[in-house]
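Input: a single structure, listed below in structure tokens.
By written order: A, B, C and D. Residues from 1 in each chain.
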Amino acid sequence: MQQVRVDRGADAFISPGALLKEVELLASEGVRFTTMVCLDVDQEFEIIYLFQRLTLDMVRIRVRISKDEELPSISSILLDAVLMENEIKEFFGVRITNLAIDFQCRMLLSAKSPQTPLLKVRPQSQSLGGGE
Amino acid sequence: MPVMSTNLIKNFFSGPATRPYPVVKREPFPRARVRLVYDPDKCTYCGICANICPAAAITMEEDRENLRISRHYDSFACISCGRCAELCPQAALLMAVRTHEPSDAKVVEHSTSR
Amino acid sequence: MARVTFPFGPQHPVLPEAIQLQLTCEDERVVEVLPVIGYMHRGIEKAAEANLFPNNIFLCERICGICSFIHALCYCELMEGMMDVEVPPRAKHLRVVWSELSRIHSHMLWLGLLADSFGFESLFMQCWRAREIILDTLEMTTGQRVIQSSCVIGGVRRDINEDQEPDVRRKMDAFRKEINAIYPVFAKDYTVKSRTVGKGILPKEQAWSLGTVGPTLRGSGWDYDARTLGYAVYDDLGFEPIVEDGCDSYARMMVRLHEVVQSLELVIQALDRMPKGDLAVTVKTFPEGEGLIRVEQPRGELVEYARGNGTAYLERLKIRTPTFSNIPALLVMLPGCELADVPVITMSIDPCIACTER
Amino acid sequence: MTLTWSLIIVVGALLLAPLVGGVLRGLDRKLTARLQGRMGPPLAQPFYDFGKLVGKSHSVSSRASVAWAWAYFLLTLTAFTLFFLGQDLLVVFFILAFAGGALAFGAFSTRSPYARLGANRELLQMLAYEPILLLAAVAIYFQTGKFTVHSVLEAGEPLLLYLPLVFVAVLVALGIKMRKSPFDIAASEHAHQELVRGVYTEYSGRHLALIEIAHWYELVLLLAFIALFWAQPLWVGVLIALGAFFLEIWIDNIAARLRWSWMVGASWGVGITFIVANLVLLSVLA
């Protein structure tokens, strides 16, 4: 059944060191990678890993790291995470290590485009609209 | 192999589905959203349209000295969603079916309240 | 012949969008593939943070022209879920009608492009002409052909009234005739079969572990379709996912072909069961907390995540589009194939690069 | 036939062939469009295209490819002239093979992987259709006792009655030569192919126009060869050739492009077997 609201309290918070072990455990249960969401929360990144079970419901794991902390890549266990990890590395500047394929922050952005564009460093003044 | 043949025969005898475009034009459907038509006489410059416009095609500018508000509409930024026409309390905006000729110069429509 | 690297794209007539496949070939055989993306990144996730949250509907629609309605629907359902808005039943039915119509038009477009990728030009034209009926229906009911802009948070903006309903049904009948004429060509034609059967094998286990979604996954024997999760009114319509066991391009093609027929039935069913009532409820609150939604697009499962803070702006909107998870499958399917099969196999995942790069 | 007469015929054919070839290509596009439910371009579209190509600015990727484009054109022209002079069919087909080779070498002389693979496939195509054409000439020799076009024109009865299977094989070769589905592997009629335009990829402007006009000559030459199968009276042969042309368009529209391995298999399997079977049957019955 579709469940839209996410209950933060139900999610497991995991330290970056324990991440690989946890993902390995999940992978052995036949869980596959769905996506990752990176959130820029003040001085920290909160990264949500979303997985899908064989029963098709979701598993969520959360990792909180400080902005200069390193995060191990899970692409050695679940290869298809590599695109999303590259994207997060590119857009947020999260220091993801041991990527299976490292695009060196040139997957979606070019040398001329703004670096780490999704960080909330900009002032809070919002412009209305502005689709492009 | 010749599964496609029946289709080809049908196509050949039913005539082309395409049109010689500039000569023959297709009429848009009555509810098609094509062009935003604006009636400055009805407008109260409330600013709802400028707030709601997802493409920032409509902008309102306040001139505090002369107590005037000017409205600018950039039809090239407009995405023809018709949200402004729906929400306009005065019905000064209307999504019309009227099509327009392609233009080669960018035109921004201006109007100012009295 | 020594190894040659083919820059397949970003501008290539077979590829509808800008993606580059660097194919390393030995004679006609592909030995290595490296997909290069990033030609059309538009920063929609960033723009969504700067927009008033109701305006993001129109932004989300523009992620991809082909599945635009379902992008809007996904965003609206997500916001409604986060704000506990109950959508009127008529609006839910209309959403099903339009999202199935856009699924048909997406699949017909894809079938045409597939036909074109193996050089069957007349079949390509046939598919696109049939698709025109669906586009006309969309224009007639929503006001625009591709970017329908008819979903809002709390309901829909347009209605299919009594005058239009018979017209829509007539168009559906006309379309049924067209698809009945096209179906046997794809399913039975010798040349089509010899170009698709056994090409681009994606074994069942790998289809799961590589994270593929949508028809790519269902063509490998997994019965997962996000519509079974029951958003809009899919749970009332008795919806069953379509599964093929072939694991090859032909199976993926047949999944989509059957889905066109199924979507047609869903449209008719939704029209039959459409209750009277309001089209939309007014929404006065702002999104707060976190929300996650899965919706089935023509290309597969679309995952959206949003985080609100009680203001009119979202803190984060994350959109995981289906092609993003289907691209790794190409890395398995392409090596070892013949160069002549590259277009067919690439098309068989229905790549939507505009979606991928947002 | 006197020398003056044959000269008049050759000059007339040389002048008329681009016109006929262009109109045939226009008809091809119009008819294909109608079979697909489209309006299609005007009949004169190939000539407009040709004019536009000639008017384009000059750009070449390698000088050698220009030389090979000219070689393709001149060799095709030579084959054409010899055919209409009523000369030896074997020589005509060998020169035509040289012309095809020139096209492939032109593509090889550039550094584009598309053109190179296109050239590879072009050579494979030649491998597929050349045996058919040469064996067809041999079959004609068996029937008329000579290899020349003259002898066919002077023979008493239509060849088609004796060589129906050879005719079918020649149709396969025509399909390959016209670059129609299911044989459009080296350079497709339209560019929606993995190799885009294959051997033509690196040509543009007036050199592409040159290749195009050579292609028209080639088309007329092949159709004229098919017309030989019913040379008494010749107008029946012309009708048969036109029929073969429309048959190719029809097949193009009911088939997808297949792989080169299939093409070689089909042309050798069908083409060569048919010709050999025809010859065996003839000798048995005679």
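Here is the rule we go by: a residue touches a chain if its C-beta (ideal position, glycine included) is under 8 Å from a C-beta of that chain, and two chains touch if they have at least 3 such contacts.
This one's a predicted model, so the numbers in the text were calculated from it and none came from an experiment.
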{"item": "Farthest-lying chain, centroid of Cα atoms versus that of chain C", "value": "D"}
{"item": "Chain pair, A-C or B-C, that carries the greater number of C-beta contacts", "value": "A-C"}
{"item": "Whole-Å gap separating chain A and chain B, where each centre is the average of the chain's CA atoms", "value": "40"}
{"item": "Whole-Å separation of chain centres (CA-atom averages), chain A against chain C", "value": "24"}
{"item": "Between chain B and chain C, centroid-to-centroid distance (C-alpha), Å", "value": "27"}
{"item": "Distance between the centres, which are taken as Cα means, of chain D and chain C, whole angstrom", "value": "43"}
{"item": "Multi-partner residues of chain A (each touching 2 or more other chains)", "value": "127-131"}
{"item": "Residue numbers of chain C (touch at least two other chains)", "value": "51-52, 55, 58-59, 62, 120, 122-123, 126, 129, 189, 191"}
{"item": "Junction residues of chain D - those touching two or more other chains", "value": "35-38, 253-255"}
{"item": "In the complex, chain B residues that touch chain D", "value": "1-5, 8, 11-12, 14-20"}
{"item": "Touching residues (chain side chain C, partner chain B) in the complex", "value": "51-52, 54-59, 62, 120, 122-123, 126, 129, 132, 136, 139-144, 147, 149, 157-158, 181-182, 184-185, 188-191"}
{"item": "Contact set on chain D toward chain C in their complex", "value": "32, 35-38, 113-114, 116-117, 120, 181-182, 184-185, 188, 190-196, 252-260, 262"}
{"item": "Complex contact set, residues of chain C against chain D", "value": "1, 4-8, 12-14, 25, 27-28, 115-123, 125-126, 129, 189, 191-192, 194-195, 338-343"}
{"item": "Chain C - residues contacting chain A, complex", "value": "37-38, 41-43, 45-47, 50-52, 55, 58-59, 62, 77-78, 80-82, 208-211, 224, 229-231, 289-294, 303, 305, 307, 313, 315-316, 318, 320, 324-325, 327-328, 357"}
